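We just call them A, B, C and D in the order they show up, numbering each chain from 1.
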């Protein structure tokens, strides 16, 4: 069952390395504590994804102990790391990969300010241009859902399908983000906390000035198509 | 008096190493300043525990200068480190070990947000799923008590005995946490500050949505029994 | 077109090194996340400036991949780094250099507290002596402007021309700072966030005491002329 | 004039090393930005003190570039470092050393939360036991004073003389702390920011519970006489 074509094996190895390394961005930006939080990445050209093991410290993550899963969230037997359990959020990641084929990466954290908005089930209004660039408008709140069935994954997909935002604030829980690959989803996790913090602080001393919708649209379209060294491209949604 | 059986000596050495190293988690997560805060760990199979020396900097802590104490909080004469005074909170740690045999680790910090709730003698309500996982409900406030007799230890034990929470916010003082071992108590110290901060920030801009009690129960039971590579087990309380 | 006199080439090399290195101060002080934020520096004795490439990570910045631009914001063909796009804020930097000949450095960040004031389009009142020293009074808010024409650059210049402050809070966007050179503009970016944070926190629990205008003037004049190892000199504005 | 007795020279060398090194604690605890903030230490057995040069970066401080001053705040000609200007706050430090012979160290920062209380000219009430231990009660606010004469030094001395607190919040300016030596004053600078932050956050969501005065007294007396490896001793005030 771990006998993949050389092309798929090369993709798996690349995604293992990316996912292991990208967890370091979660600690670098203070988005996680202890063993909380997780990053996953889809393996291009296969019905597989790679995710963090459950309850393992950030200092101990390596490409080899990342866990290769099928799209039902089951660890592929015999693959490196498969002697451990995958992240307890694996079912939610798997649901997203099954239902949003354009998604190549998923991230979940309990980052402080995003959790605070989530605890109030309140979307973050788009009052800073950086949010318009990155999320194209407000960052939505999702439903209350608990681990144990498909309800978290379903809540993510129902909220983000057809939405510009790559981030959802699951009620009383925290942010889940998606992206064209794991790095893009990690970037969204960094940016949702930045937006959550900046808008929280802005609102503590008064009401932010709204940004007209057509300006939000213009900023979003430019950023997705022009910013950086190659157009961002997004997820063709 | 320092002539222990090889098994006990091996346990002492292991706990010394763990306790010394775990202090690094307190600085890593910004839970302490200067020489404040302390971690202790019970020596399995003996009426002994290991604790930080008083007023020594975090950069200078080593397994050898940790202090071995009996369950009355007295340093064991002749043991490495015994030329120094143990932490000024040693009596409180000792009281907990004497009265809660299921406890294998105790931690005390002055972490900012937990101290803020403690200054108001206000429990932290359980409005985020991460708190339900880790603490099983609200984090309680304990009584006002000062150093000099058993009142701090008694306040900790009376508040936490029979409570799901491994953390108590001692009034006007700060958090004390317990665990099945020193690492588990340190994890609780990290998570209580994270919960204190997230719920504080959530409440600054409105009221968080409550989580129904049966959902809190389900989250707590799952996390204690399923999360990580082996069931958490808890303290059999 | 990259055939500069030895003197100009030496200046270019020096500014490349300064600009690349100074980006490290933005991460050191937590003013930026991911690839956001940018520093530029004018090349003394030439109609040129050096700026960060677009969408490149802070760990990857070197003197060689900084981008040399003319004062219209176009990359100089053939110069090192010119195969990449310059920062998406390059037009705003260029506008400032064209219209404020005394300016030798420009910085833009999305630092949290400055963004919060910008989201409310509210100037930061001068209620701490450190602000009087550094900015000579309040830090002004600028107009709403979006990328795509000269409106950001024009907003910066119209707000800061004739103003003591080296920082402007562009509405819904964030701070832009200017200085006699890139280092001076970076210092202003660090100090505007520090002022934005301190005054925000002061106002959360009441009204700060105003500082009489003549004291603000005295502090500003002293600091510009006496502080440090050589008089600050400023920008002769 | 730099021809000191071997004993005094040894003291000077020791204080130079301590003062240079202790500046690292200001950056470690985030109390300063850029070149702001300063530590000084009295030379035991001589009418001299050692202080940071003005406007020099924290990464560049060494024992050799610290500046040796007499008690009028004038750099001792010919001593190492004397080609530079001492900190612009040197006159305030000198005033304290001239008027409080029990003081062996002085520190000044613009740490965020202490500045916030200072901007409101509001003392920090003693509602946490850590403040009672360290400061023996509230941390007082001092008068408004500007650089250029003795008014800052006078404000510090008039506020702290006969007061248990080793910290004063100079109005609209920031904290100055004193101690029996430079390290003790640095500790007070760390602890005043910690207290300022914790009490600020406590008050954001309600009123902290007061601590009875006799409990404050008991905590202060115990901490000054018992904590650590040797009694704290204090400054015999």
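Here is the rule we use: contacts are C-beta pairs under 8 Å (C-beta built on N, C-alpha and C of every residue); 3 or more make two chains touch, one makes a residue touch a chain.
Here's who's who by UniProt: A, B, C, D = L-ribulose-5-phosphate 4-epimerase.
Keep in mind the model is a prediction, meaning the values are calculated, not measured.
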>> If each step moves to a chain the current one touches, what is the fewest number of steps from chain A to chain D?
In response: 2
> Which chain maximises the distance between its CA centroid and that of chain B?
Replying inline: C
> Since chain B and chain D are copies that touch, is their contact same (over half of the numbers shared) or different (under half)?
Replying inline: different
> When the centre of a chain is set as the mean of its C-alpha atoms, what distance in Å lies between chain B and chain C?
Replying inline: 46
> Approximately how many whole Å separate the CA-defined centres of chain A and chain C?
Replying inline: 32
> Which parts of chain B, given as residue numbers and ranges, touch two or more other chains?
Replying inline: 204
> Drawing the touching chains as a network, do you get a line, a ring, a star, a complete graph or other?
Replying inline: ring
>> Strictly by the criterion at the top, what is the full list of touching chain pairs?
In response: A-B, A-C, B-D, C-D
>> Quick check on the complex: what are the chain A residues that touch chain B?
In response: 33-36, 53-56, 84-85, 88, 110, 112-113, 115-122, 144, 146-148, 171-174, 200, 203-204
>> Show me the residue ranges of chain C that touch chain D in the complex, using the header's touch definition.
In response: 29, 127-130, 187, 190-191, 194, 197-199, 201-202, 204-209, 211, 215, 218-219, 222, 226-229
